[in-house]
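Chains: A, B and C, in written order; residue numbering restarts at 1 for each.
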């Protein structure tokens, strides 16, 4: 009993500030579970992260997955053709953007149910707005993971869709932040902390080959 | 009678701050009419906007059209070859610039009749100055629309020239603003409001498939 | 006599601040002579300017020419292959830099005789330093012109080497300015005025098809 408790603790990262996650290799087993600060019952969101990857060419890359028992509630992807996308349990909304690559990119995805307005910000620059899933509500009760795409509830991972590279500074709000706030965040200025995920305090539970590295932003 | 009044009101946007226009698809029917704050009898202007579009390749794109009964008084284009241009009732002045694309670009066009100096600023960077239509005066008495190119007075639209994407923050002054003011505007700083068009207060009348989205800059 | 005096005056620009020079077409006759504030007997210099041109491909472009009776004392070029260079009466020093183009670029060239250190700053970013003409002294007694390369004293111009586009904010110091001063200048901040050429006060004598446009930086 005591041993398993220790193992459990060692897998929960206690470094609260300036950490970043490195997924060194392609696997179908490595992922990080993030515990949200509140249930993900959302009519709007801003989801930001910093990402760098040496993956390129025709390869899907999962960037963020929130799955309930039966639905992919919010999955964020780099698609086969390089476009960024997210899925709210159904068809996706796609964005043409500068390509992700080995130099770190700051990403923010925004969506608002009342208008359906969806956008992505790449290094502080806004894409054009798409109208998507107006009136929809994201449901609570699931799990959020980085590194894998769960085709079932925390399972059925596929290595070819896994994340390989570095990801961090993952923050989420239940509102759409202003353009200038997102630009400030990209520029490393302090902004209001995420009220769904706050990277400085969010508990991370790592599984498989994931390295947690300290880092000063 | 009452019904048509209600329809009329519903088409006039009453959101005064931080709105942006999304033209989701190519049409020959969707456009937005803007009501100016003063007659467009102009010996100089600065016309600014934020634009994002996934259109690419050999496609003309109308960015702004001011037409009187018989003349295209001031039409702003992205030309077939990607260059930006504007027409003051006649031949155009062309500018080689970085290409418009799906990430938002801030544009300002300036022209001064006394010298003929014409320039475009892309994300705060100035193009070279061209000498164009020295002594010319833009005439008042027409209509300004976004989304379509009117080959007749508010008619004869062509889908292949229509705007598809997002456009907003359209402001116009009857003077040439300084380079530093335009750079500040690109950077999201507050500058003096447009005295011909002020995006925060200008009445917009939408027609067809145009979505007005609230947005905090 | 009176007529020629009037013509002479009309050719001397009296607008002292915020002017810019437009060379609309390729000629072997259009140029602007600049009167320095002190003799160009120099053991060091910083020479800055803002330049935009739609010329591209394999084309030499003269950016600044200081010629005495028998020597090209200080000629600044965009070379055939796009590199920037300057010549102190003899072979040149070459710099690989981002290409000049139709969007305005801020350039500063620096050289110091005591070390031979030569560099160019493009939009505030420094090139690598080259060692060039250590111990050399630039001689006074010549003429400075923009727009043409004089192969003889103010003559033998070649259209294929002429400047076409816009040039302005040409300032020169008899010292090497600090990197941060040059970065501030690029960003439009006020710095100490040039003591060899001060664009705000330098007398310009235009010849041929050159348009002097007022401009607020």
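The definition used in the following text is that a residue touches a chain if its C-beta (ideal position, glycine included) is under 8 Å from a C-beta of that chain, and two chains touch if they have at least 3 such contacts.
Treat the numbers as computed from the prediction; the structure is a model and nothing was measured.
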Between chain A and chain C, the fewest steps along chains that touch one another: 2
Same or different contact residues where chain B meets its copy chain A, judged by the half mark: different
If you fit chain B onto chain C using the CA atoms, what's the rotation angle, as a multiple of 5 degrees? 90
Taking mean C-alpha coords per chain and comparing to the overall C-alpha mean, nearest is chain B
Could you give the separation in Å between the centres of chain A and chain C, each centre being the mean of its C-alpha atoms? 51
Averaging C-alpha coordinates per chain, one finds the centres of chain A and chain B separated by a number of Å equal to 36
Return the residues of chain A touching two or more other chains; collapse runs of consecutive numbers into ranges. none
In the complex, chain A residues that touch chain B: 95-98, 115-117, 122, 125-131, 176, 178-180, 183
Chain B-facing residues of chain C, complex: 20, 22, 24, 52-54, 101-104, 165-166, 188, 211, 213-217
